[in-house]
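A, B, C, D and E are the chain letters, set down in written order, and residue numbers restart from 1 in every chain.
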C-alpha cells in the first residue's frame, strides 16, 4: 500500500520542487549563470517527470480528489493547505510541468543578464502556477493566483523589450484589479456560507454546497468573472495581453500564453461557474456573446498586426474564446473540448512564441514586414513554424483541431435544442464562432506567407553571414512540443478519459440550481 | 443659562480659539501659546465637571495637563529656537520646505 | 491482412515521413533525387496494389462493406469517435482512382520535376496528399473524412505554393486554403448538426438513419444539413461561389494540378455528396440547390474558359466546369453518374494536365498558348495523347467523356428527382462550349504555324518515357474508361433516380443532340482557329465587352476583394484596432491612469507644507464630524 | 508583576540615564536598550503565555493575556528600530527616548482610565518630537518636529476635550465609558465620543487629520520614521481598541469609521503616486494603512484586537524591513530620494529584494503577510455587514498597488548609478532586516499559528 | 471673569507683538484661575497661577525677549486662512455650544456637589491615582531627557 502514502507526497513534491530550485539557485548559483540555468532545467525536468508519473497513476475512474493532502493551516478562518488532483487540473498540471523545462531551455541563450534572478523568478512562477492548479482551497488558490503576478511582473519588466515597464505595469494593474474584486467576493462568499451553515471553510468541496440567492450569485459571479475574464482574456478586457506579450521576453510569453492564460478559463471552470450555477446559467448568453466576440475580435485584430508577437497574442484571445464557448455550452463534449483546447493552446502558443523568440534572437526585429522567404533560409525552422501555424489554425491531426472541434461541437450541440425552443442566440453565436476557423486560417497564413515565402529577407542576414538554422537545443524543444501537438491531435482519448469525470461533475454542478428555497434574493 | 453651560461654552470657545490661533497666526511662538490656550479651555471644562461631580478625577487630569503642557513647552521652545536659527524668522509660513 | 485499409492510407504517410525527413535533409544530390523518386513512387504503387487486393476482398465478400476499426479517437459520454475505415463500392472506386492516378502521376513527376532543387520535398508533399486523400475516401466517420478533407487542403496549399520564392505562388496557395476553410466552416456546422442528432459521425449510420427516417433524423432538417455539407463541397470542389481558388491553384507544378486540382481532391465534394446521399435523398430542396449551383458553375466556368490564353487556366476552368456537371448529376439524384464522371474526368483531365505539363516542360516553362502552335510534329506523343483526352472531354462518341457526360445530361433532363429541361439546356450549351474551347486549346497549341520564339523553338523536345508513358496510359483510359459501367456497379449501393416516364422516349433524341453538339464545338473551333488569325481577332473585336468580361473572369476576384477582403481589413484595422482597442479601451484606461496621476498631483499640491492649512483641516474635520454625527439624532 | 514589561523598560531607562550621566560609552547604550526591550518583550510574552491577567491598579491599569501579547509584539518590533538606529544615532539619548516612548506605548492598551491613557499618549509622542530632531541632518528636521508637535498637541487637546465632555456626561474617567457611550443619543456624549475618536485619527494620521505625517516623516531620520510609521501608529490603534473595548461600532461613529478611513485609503494611495521622497511616500502609505486599520473597528468587537494587532504587526514588520535595508548615505536627502533606489538590485540585490518584499506586502499582495492582514480586516468588515464599504476599501487598496510597484520598478527595472556616498546598510541594520525578514516569513507561512497566539 | 478670559483670548489672536499676545494669554490664564477659585477648586487655581503663569509663561516671555526677532514690516499677521479659519471656528463653537445646550446630561443642570478639599484630592491622588503620580514622574524624566537632547541638537546645529 505504499502507493497510498507515496501519492500525496508525490504531488507535494511536484508542487514544491521549484522552491527547492529557488533555494538551490540562491545558495549555489547567485553569481553563476550556467549553474543557475542547469539547476533550473534539472528541477523543471524532474518536476515534469514526476508530473508524468502522476498523470500515469491518476485513476480516471475515481471521482474526487487524488493524491490529496489536507493540513490545517489557518484554522481560525477554516483555511487549510488542501491540494489534490482531479480531472479539472490533471492535464493543466502536466502542461505546466511540461512547459517548465521548455521555458528554461528556450531561454538558455536569449537571457543574458541577471540570469540567476531570472531563473529564480521562473521557478517561483512555476510554483505559483502549479499551486493555483492543485489548490483545492479557495484561500490557497487566491494566494497562488496572486503570487503569479510578481514574478511575471519582474520577468516582463526586467528582461522585456523597450516598453517593458509600461507593459508590465499594465499587466499587473489590469490583473490586480480583477483580483481585488474577486477577493471581495471570496470574503463575502465564505462569510455568507459561515452565516448560513455555521462552517467557516474555504475548501472548494464545501463551497460547492453553498446556497445563495440569485442576486447574490450574480454579483459574486460578476466579481469572479471579471478577474478570470481579464486573465483569459476576454474582449473587452484584453488590451493588456498584446502589450505584455510584445514586451515580454520569449520565456515570459511562453509562460504567459502557455499557462497563465489558462488560469482564467480554469478559474471559470473550477470556481466561477460551479460556485454560482444559477447566475452562471442566467448570464450564459452574455458570457457566450463575449466569448464569440473574443473569437472574432481577436482574429480580426490578428489579421492586421504588423508585429509578429502581436499576431500570436491576438490569436490567443481568439483561441481562448473557444474554451469559454465550450465551457459555457454545458455539453460534455464542449467541456471536454474546452479542456483540450486549453492544453492545446498552451502547447501551440508556447511553440509559436518560442519560434518567434528564436528568430528574434537572430534578427532582433519583430516587424513582420522585415521578414520574408525564411523557408529558403531556415528550412528546419520553417517546418516547425508550419507545424505550429497549422496547429494554431486547427488543422485536423493537431491538438488545435481536437480542442476547437469538440468545443464548437459542444456549443452547437447545446445551441440546436435552444433553437428548436425558439431561442436563436446560441445558434447564431455558435455559427459566428465557426467563422473564427476561417479567420484563424486567414491571419496565421498571412503570417506564414510573409514570413516564410517570397524573396529572402531578414534583418541581420547577409549572404556572407547567413542566419543559422535551429540548433540542436532549439530543435529538441520544438520537437517535444511537436510530439505533444500530434499526440493530442491524434490520440486525445487518454487525456479525455482523465478529465471525463471532472467534466461531468462540472456539468452537474452548473446545471443544478442552488438558490435557497423560498428566497426571493437579497442584495448584499 | 446657568453657570455650567456658560462655563462649558467658554471652555469650548477657548479651545476653538486656540485652534483658530494655530490656523491664523503666523508667529511660531504665538502658535505655541495658542496651543496652551486650547489646553486651558479643556482644563476649564474638566474643572467644571470635576467640581460638578464632586469627583477628584477631573482635577487630577487637569494636574496632569499642567505637567504635560509644561513639558511640551519646554520641548517646543528649543525647537522654535532651532527654527529661528535657520531662517531668522518666526513666521511659520516660511517653514514650508516639506510639502507635496 | 487485418489492416489492409489502414495500410493503404498509411503507406503514403510513410513515404511522406521518409522523404520529409531524409530526402530534404540530405540535400539535392542527384543520387538522392533518384532515391526520393523511387521511394515517393513506390509507396503509392504499393497502396494501389493493396487497393486492388482490398477490392478483390470486397468482391469476394459479395460487396458487403468492409469495416475496419483502427482505434478510438475519443469517447465522450456515450458517443464514441472511432477512427475506422469503411470500404464499399463507392470508396473502392474512389480509392482505385486515387491510388491509380496518384501512382502514375508520381511516376510522371519523377520526370517532370527532374532537377528541381526541392525534388524530395515535392514527393513528400505528394505522398502526404495521397495519405489524406485516402483518409478522405476510406474514412467511415465524418471525422476521418474531415481529417482527410482538411489534410488534402493542406497538401494542396503546400503544393500550390511549392515554388514559394515567388510570392504569387504562395499567395495562390493561401487563397486555396482560406477559400476551402470557408467551405469547411459550413461542413463543420453540418457535422455538428448530425452529431447533435445522432451522437455519432459514422456516415453509414447517419445515411441509414435518414433513409429509414428514424426519430433522431427528424431532429435536424435534412435540407439544412445537406446545404451545410454542400457549402463544404463548394469549397473543396470549386463551385460557385467558392471556385475562385482553383484557377489560381495552377501556380503549382503541373503534376499537382493534374492530381489534386483535376483528378482527385477537387472531386472530394462530389464524393462527400454521394457518400451522404442518404441525406440528400431526403432533402429535395438541398438537391435542387446543388443542381442549380452545379449547372451554373459549369456554364460560367465554361464561358470563362473560352477566352483564356494560359494553357493551364483553360484546363482549370474546364475542371471547374466539369465539376459543375458532376454536381448537376448529384443534384438530380444521379449519384452513380456523378461518380462515373469523376472517374472519367480523372482520366482525361489528368491526361490533359500532364500533357500540358509535357508541353510546358518542352517549352521550358512557357504556358501562354498564343506563343505556341505547331507542336504536333515536334512532340507527337504528347500531341496524340492530348488529342485523345480532348476528344474525350469534348464528348466525342466512344470516348470516356461521352458516356459519363451524356448520362449526366440525360438525368438532368429526365430525372424524377429534380431533373428539368432547362437544366439540360444549360448543360448542353456548356457541353458545346466545352468542345469548342478544348479544341481551341488543341488547335492553338499543336496545330497551325509555330508562334514560338526561336530560342524556345530550338529547345523543344519530347518528354522522357516516364512522362510520355504515363500520358499514353491515361490516354488509353480516357478512351476506354467509359466502358466501365460505374453507375450500374454503384446502383446496388446508391440507386439511380427514376426517370420521369413521360420523358423516357427523349433518350435517343438527346443522345444525338449531344453528339451533334460535340462535333459542332469541334467544327467551330477548327473554323475559328484553323484559319487565319484575323478570324478570331475579328470576333473578339465584335464582342469586345463580352470578351473583356470573360477574360476578366467576370471580375469575381475583384468583387470579393472589394466586398469581403478590403472591408474586413478596414474593419479590423480602423474600427477594431484603432477605434476600439486603441482609442476606446486603451484610451479609457490611459485616461483613468492619467486621472489618477492628476489627482495625485492635486493631492500633492494640497499638501502645501503650511501648518496653518493642516490645522484648518483639523478644525474643519472636527466641525464636519460633529455635524455629521447629528445626522443620527 | 503585571507591569513587569514596563518595569523592565523603566529599568533600562534608568541604567541608560545613569550611564549617560556618568558619561560611560554610548556604544553600550544600544545594547542596554536592546536588552531592556528584549527582556520586556520576553516578559510580556511569558506572562501572556502563562495566561496572566491582573489589574494591580483598580480602574487604572490592567493586563490580560491578549493585551500582554500585543505589548510583547510591539516591543519586539522595537528591536529592529533599535538595531537600525546604530548608524545614525551614536548617542545614548536615542535609546532613552525610545524606551520612554515604548513605556508610553505599553501603557495604552492596558489603561483603564483616561488619565493613564492620556499619559500614555503623551509619553508615546513626546520623546518622538525629540527623536525627530535628534539625528539632525537637514534644516527641515526642525520644521518637521515643530509640525508634529503642534498638531500632536492639538490632538492631545482634542482628546482631552472629548474626555472631559465624556467625563461630564458619565461622571467617570473609566475608559469603558467610551464604549458604553457609543450608542448614546445625547449630543454632548456624542460630541465627546467623536472628539476622542478624531483625536486618535489625528494621532494615527487619518484624512483629513493626516497632513502632519508626510512632512514629519520626510524630515525625520529613517529609524525615527520607521518608529513613527509602525509602532506609534500601532500603539494609537491599540489605544483605540482599548477604548472601544468590546463595544461594536454604532451610531455616528459608524459613519466616521466608514467614510474617513475610506477617504484615507484613497487619498493616501493616490497622493503617494507622485512622491519623490521614500519616507514621504511611506507616510502616505501609512495614511492609507491607518484607513485599513480603522476599518477594523467596524467589525465585530470579538476579533477586533486580533485583527488590528495582526495588521499592525504585519504592516510594521515589512515597513521596518524596508527601512532596515535601505542603503546608508550621509546625505540624507539623497538617501531619502526614490532616485537612490534606481537600479539598486544591481548594486545590492539583498536590499532590493527586501524592499521589494516590503512593498509587495504593503500593497497587500499575497503571499506576503500584508495580504492576510488585510484579508482579516476586510473579512470582519464584511461579516459586520458593511460589504459595500469593504469593496470600496479594497478598490481603494488597489489604487495603492501602483506606487508600490513603482518602487520595485525603480529597484529592478531602471538603470541607476550609486550616489558617491552611498554605502550598504550597516551590519546591525542588516541584522534588523534579517529579523524582519524572518518575521515576515513566519507571518506569511504560519499566519494561523500567529493568530492562534493572539 | 469668564468674559475677560474670553476677550483676552481673542486679543491673543489679534495682537501683533508676541509679547502682547503673551500678556493676553497670561490674563486669560489668571482669569481662569479666578474661575477655578470661584468654583471652589482652590488648589487648581493655585496651580494654574503657579505653573502656568509662574513657570510656563515666564519662560515664554523670556524667550520672546531673548529672540526679539523683527519681522519684516508689512508682514501680515494672519495666514491666508483667516476667513475659512474664522468660519470654521464659529461653526465649531456653535456645534460645541449646541451639543452642550441640547444635551440632556443631568450634570449640566444639577446643583453641583460641594467642592472637594485639597486633602481629599491629595488622598485620591496618592491612593486611587497613585499610578498616575508614578507615571508623571516617568514622563517628567523623559521630558527632561528629551529637552536636553533637543538642546544638544541645537547646540550641535549651531556649532
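Keep in mind that, in the parts below, contacts are C-beta pairs under 8 Å (C-beta built on N, C-alpha and C of every residue); 3 or more make two chains touch, one makes a residue touch a chain.
Keep in mind that what you see is a predicted model, and the values were worked out from it rather than measured.
Participant: Which chains are shared contacts of chain A and chain E?
Facilitator: Touching chain A as well as chain E, we find C, D.
Participant: Which chain is most central here if centres come from C-alpha coordinates alone?
Facilitator: Most central by this criterion: A.
Participant: More contacting C-beta pairs: B-C or C-E?
Facilitator: B-C is joined by more C-beta pairs in contact.
Participant: Which chain maximises the distance between its CA centroid and that of chain C?
Facilitator: In terms of C-alpha centroids, the chain at the greatest distance from chain C is E.
Participant: What's the distance between the Cα centroids of chain D and chain E, rounded to whole Å?
Facilitator: Inter-chain centre distance comes to 29 Å.
Participant: Hey, how far is the Cα centre of chain A from the one of chain C, in Å?
Facilitator: It comes to 36 Å between the two C-alpha centres.
Participant: I'd like to verify one number: the distance from the centre of chain A to the centre of chain D, where each centre is the average of its C-alpha atoms, in whole angstrom.
Facilitator: Using C-alpha averages as centres, the distance is 42 Å.
Participant: Whole-Å distance, chain A centre to chain B centre, using C-alpha means?
Facilitator: One centre to the other, that is 63 Å.
Participant: Of all residues in chain D, which are in touch with two or more distinct other chains?
Facilitator: Answer for chain D, listing residues that touch two or more other chains: 115, 119, 122, 126, 129-130, 133, 146-147, 150, 154, 165, 168, 171, 187, 190-191, 214-215, 274-275, 402.
Participant: Identify all positions of chain C at which a residue touches two or more other chains, and write them in rising order.
Facilitator: Touching at least two other chains: 604, 607, 609-613, 615-616, 618-620, 622, 626.
Participant: Which chain B residues reach two or more other chains?
Facilitator: 8, 12, 15-16, 18-20, 22-24, 26, 31-32, 48-50, 52-53, 55, 57, 60, 64, 68, 71, 75, 79-80, 82, 92-93, 95-100
Participant: Who touches whom among the chains?
Facilitator: A-C, A-D, B-C, B-D, B-E, C-D, C-E, D-E
Participant: Help me check something: in the complex, which residues belonging to chain C touch chain D?
Facilitator: Checking each residue of chain C against chain D gives 596-597, 599-601, 603-604, 607, 609, 611, 613-615, 617-618, 620-622, 625-626, 628-633.
Participant: Would you mind writing out the residues of chain C in touch with chain A in their complex?
Facilitator: Within the complex, chain C touches chain A at residues 24, 71-77, 79, 146-147, 149-151, 154, 157, 161, 164-167, 169-171, 174, 177-178, 181-182, 184-185, 188-189, 191-193, 195-196, 219-220, 568-569, 571-573, 576-577, 580-581, 584-586, 589.
Participant: Which part of chain E faces chain D closely enough to touch in the complex?
Facilitator: Going through chain E, the ones touching chain D are 95-96, 98-100, 102-105, 107-108, 128-132, 135-136, 138-139, 141-143, 145-150, 152-153, 156-157.
Participant: If you look only at chain D, which of its residues touch chain B in the complex?
Facilitator: 113-115, 118-119, 122, 126, 129-130, 133, 139-140, 142-147, 149-150, 153-154, 156-157, 160-161, 163-165, 167-168, 171-173, 214-216, 218-219, 274-276, 280
Participant: Using the touch definition from the top, list the residues of chain D that touch chain C in their complex.
Facilitator: 146-147, 150-151, 154, 158, 185, 187, 190-191, 194-195, 197-198, 201-202, 208-209, 211-212, 214-215, 251-253, 255-256, 260, 267, 270-275, 399, 402
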